[in-house]
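The two complexes that follow have chain A in common; it is paired with chain B in the first and with chain C in the second.
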Partner chain A sequence: MRWAQAIRTMPALWLAVPVVLAAAWYATLLPSQDGYSVAATAQGTATLAFIGSFCAIAASWEGSRLRRASLWRGPWVRRSATIVFWCVAPAVIVGLIAVLAGVAVSLARSGGGVPDGRFLIVAALGLVAFGAIGFTLGVSLPFEIAGPLAIVGPLFWLTFTPAIDPVWLRHLTGMFRDCCLPSEDLATAPIVASSVVDVGLLIAAVIALTGAARRRRIAGVIAITSVAGALGVNLVAGMGFAPTAPRSPAQLACAESGELTVCIWPEHRAILGQLVEVIDAARPRWLAAGIVSPAMFTEAAPSVAPRGAAILSVPGEPVENGDLVAVVARSLLPAFPDCPSGATGWMTAEYVEAWFEHVAGMPDAELARLHSQPFDPAFPPVLDIVHSVGMSPPAAQQAWLSRVLRITQACDPWPIDDLNIGS
Partner chain B sequence: MNLWAKARGLPAIAIAATATIVVLGAPISDLQMMASPQGASLAVSCLVALAVPIAIGWGFSRSATTIERVAVRSILILDLALVGIVAGTAAGLAVLMDVLGLAHVGAIAARAELVYTGLLLATRSLGTWRVAAVGPTVYVLTVAVVGRGDDLAHPAWWAWIAASPSDIDSWLLTALALIGGFTLFGLTARSQRGLPSE
Partner chain C sequence: MRFSAVDFTYPPGGLRLTGHDAVLADFTWEVPQGLTVLLGPNGAGKSTLLALGATALHPTRGSVSHANLDSRNRADIRPLRQAIGWMPQQIRPIPGFTAREQVAYAGWLKGLGRAAAWAKAIWALEATGLADQANRLAAQLSGGQLRRVGLAQTLAHDAEVLLLDEPTAGLDPAQRAGFREVVKEIGASRQVLISTHQVDDLDELFETVIILDHGRVKFEGSVKGFLGLVSADGPRRAERAYAALVREN
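Presenting the complex of A and B:
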């Protein structure tokens, strides 16, 4: 098929510009990422939510044209596979360009970087599967039914599946918008699982298009989708909602100052020097006040960080020194408790954090800005507690800190009076 | 009359309406969702509600336009009555099931189905029956992708099919969409009566 003819007759090409613009616009509605190109690429592929439907209905239209004109499975010189390819390829190519536009905008908004090819390959595979299914619907059903089904099918798959429990089902869709925090990378299992499912759908579409008896085709479609689904489920079952694995610590940018080592992700490198200064100034004060402060601060995920290191979570946007003190103080807090029905004690972590900041030398005005109100009005004001602890003898301070740190891990109710220094 | 009913695929439309009601009453429309219990059940009901408009679009696309344009009987009245009765009955049953506690997303599905019917007729007025059902389907897609407002319970004003069933404005907009669809379809079909050369 000549391109001029394709442009004249194919809705996929008529709609190419609006779809690409829509994808670029949609990417501006999503939260911008932290300069981390993996997360930005993942965010950009969220456009699949409607590009999948576009590919399917555009291919369905082409299939329906062959069906209406009774041209499908005619005695043509060209092979059926070639005919299908030229019907589906324009929709898939336009879809892929639209996904790339979304990814480009997402990357540009997050501060640049190179798109992560893994997401693009999975997205391309998904679009091919949607296109093939759409074409199959088009040649199998009247367009009045095939068209709406081609839109609803991918929409249902891509937007409804992520809302279903178990949460790992979403990893089969190939839309990984829950990836990734700076300390995370895309895991291999979801890539393989979604690829297996997409290939399964593609083979099912091919089986449906063959000239075999209807009963055999239906049996083949059911068998292949079941096998692909089971394989995919087997790969991702038990994962959390995010399709992630810890990011390799080898990517960390580190700086040393005396015995202190601070490692953060490359996208936060601009504040590394400032961070080292803040920790260098605060750490001796913390050690003097009996606050455990390790010599290693890192942004690596806890599971891959060196044992005993403080785990930093650095914000992407430019920060002032006061905010950095808070970031470092938070890294000294214990891990969030694993409670079956809510951590009742974790709200006291704010008091501990404020105490760490106070000891680090944070002015009262800054403390008031960060901790203006406790979570619950029944709790005493954070600054009042911090001041009363600050005016107590070191032994009492230590006792208070040990007690409140214990409370942070509580899963059951505990007496609010325990927050006071004299309790 | 029998020929008209046969041409319109009346049994298929009736099956679609019945299936909609059955699915709304089935446990799947009340799935236990994790992050967005309201959103997921709402999505099911909005998608299920597409069945009747799609069936109507398919049935009506089988019409013999040239003959019907010069028919003695007013096919337009029959068509409008059929759409009204099918959409109204399916929506009414869905609401009734909701009231009786048999389908807790029944009212949402009923509202969505009425909106889709209006959009189906409006899209038909602009094109052909072949593509008429694409109109409401694209609307659902748009609502799902960019229809979010302040939060899950408050969608954008134009995505009112996703609003709470107690939202009066959403029912007013539904009535507007339905009346608008019927009016557009009626006017277009009337202007197309007679032979093309007349």
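Presenting the complex of A and C:
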């Protein structure tokens, strides 16, 4: 087919510009990702939610064209695979360009970086599978049926599946919107599982297109989709909603100051020096108040961080020293237990955090900015408690700290009275 | 082109477990050189025979061969298809394509490169008298014009054997006369087998007549020999000869 003819007759090419623009626009609606290119690429590939349907319907139209002209399965010299390729390829290529546009916008919004190829490979596999399924529907059914199926099928798979329990089902779709926090990386299991499912769908489409007897084709399609689905489920069953694994600590950028070591992710490297200064200044003050802070602060995930290290989560953009003090103070808090609904013990952690900040020398104005009101209006003002604790003897302060830290861990249903220094 | 001991039965459709009766059984026949007309009543197996010749259908047993290419050998299928042009009974327009684009696409499907198919398409449309309609959408052509597009599709890839299934169905007398001229021209250098159930199509331009009925060759010979089956007196001699052969059944 000549270019002019292709542009005139193929919906995939008519719709190329609107689809690419829609993907780029959609990517602007997604959260920006602090310079972490893995997370930014993951957000960008969320455009698959509608690009999958585009590929399927465009390929379905081409299949339907062959069906309506009675050209499918004719005694041709060209191989069926070649014929299908030229029908499906434009839709897949336009779809891939649209995904890349979404990824480019997402990366640009997060401060640049190189797209992560793993997401793009999985997205490409998905688009090929959707294109093949769309074509198969087009040559098999009247377009009035094949068209709506081609739109609804991928849309249902890509948007409904992530919305249902069990939550790990979403990892089979190849759309990894929940990847990744800075301390996380895309896990291998979801990549393999979604690729297996996509390849299974592709093989099922190929089986459906063969000239074998209908019963054999139906049996083949059921068998291959079942096997691929079972393999995929086996790989991701039991995972949480995020398709992630801890990010390799080898990527951390570290700085040392005396016995202190601070490690943060490379996309946050710009504030490493400032962070070291803040921690260096705070540690002696905390020590004077009886708080022994760790010698290592790291952004690595707790599961891979060195034992005893404080786990940081620093902002991506340049910040005031006060914000960094808050980040470091938060890193000294113990992890919260998985409390039942209604428990409010974790809310008391803000008082401890504010007290750490106060001890580290944070001015009252800054404290007031960060802790203007507690999580729940029924709780006492944070600054009032911090000031009253700060004016108490060191032993009373220690006793208060121990008591409130216990509350944060105890899932106490209503701990307000225990917040006061004299309780 | 040769059919050797060909059996053919349509496979059961849908959930049916049993097939139809055999359309062809132990059918052996060689397509003669030049222009051959294949006559027979509805259901005689004419379209099936042509589709088998084109390898659009595959014999249950036996083979179709041409120039040392045998349909039983997988490696021979594509060269065999390249050597054969088949015009099926129904020609449908390709949605969105012009006449030239439709013919060029058929040429590409038959193995021509894109540029060659594009060039051959206009040649084939000229050969079928449709060059002036080349840039019209195929869907806008009349039934007769569409059949000529079908013929052009068959010609585009320079096949050695042409199998034309009811090519004159739906054409008016003038179009049929025009079609005969085209066939005469293309038949000079190729084996051409034209199936029809219209005895009116019988013409001196055909070198061989074959009558097929219930999957069996009832007659094979020259037009003169066929007409000689009945007396020269009286009207509609070809129709009477045909009826005499088919009635015997």
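Before moving on, here are some points about what is shown:
In the analysis below, the second predicted complex is superposed on the first by the 412 of 423 C-alpha atoms of A that agree within 3 Å, B and C clash if a C-alpha of one lies under 4 Å from a C-alpha of the other, contacts with A are read in each partner's own complex, and residues count from 1 in each chain.
In this text, a contact is a pair of C-beta atoms (placed from the backbone, for glycine too) under 8 Å apart; a residue touches a chain by one contact, two chains touch by 3 or more.
No experiment lies behind these values; they were computed from the predicted model shown.
Overlaying the two complexes via chain A leaves chain B and chain C side by side, clear of any clash.
Within the superposed three-chain model, A:S53 lies in touch with chain B and out of touch with chain C [touch as defined at top].
When both complexes are overlaid on chain A, the residue A:A230 reaches neither chain B nor chain C.
By the touch criterion stated above, A:I222 is placed in contact with neither chain B nor chain C. Taking Cα centres throughout, chain A sits at the apex of an angle toward chain B and chain C that amounts to 50 degrees, reported as a multiple of 10. By the touch criterion stated above, A:L287 is placed in contact with neither chain B nor chain C.
In the superposition on chain A, contact of A:A270 is made with neither chain B nor chain C. Of the two partner chains placed by superposition, A:A81 touches none, neither chain B nor chain C. In the superposition on chain A, contact is made by A:G147 with chain B only, not with chain C. Fitting both structures onto chain A leaves chain B and chain C with a minimum C-alpha separation of 12 Å. Once both structures are placed on chain A, no chain A residue is touched by chain B and, in the other complex, by chain C. Interface residues of chain C facing chain A in the complex, by the touch rule stated above, are 11, 14, 54-56, 78, 81-82, 84, 86, 88, 90, 92-97, 101-102, 105-106, 108-111, 114, 118, 157.
Chain B meets chain A in the complex at residues 31-36, 39-40, 43-44, 47, 50, 54, 57-58, 61, 129-134, 136-138, 140-142, 144-146.
Residue ranges on chain A touching chain B, taken from their complex, read 26, 29, 49-50, 53, 57, 142-145, 147-148, 151-152, 155-156, 159-160, 163-165, 167.
Contact residues on chain A toward chain C in their complex (touch as defined above): 1-2, 5, 8-9, 65, 68-71, 74-78, 83, 213-214.
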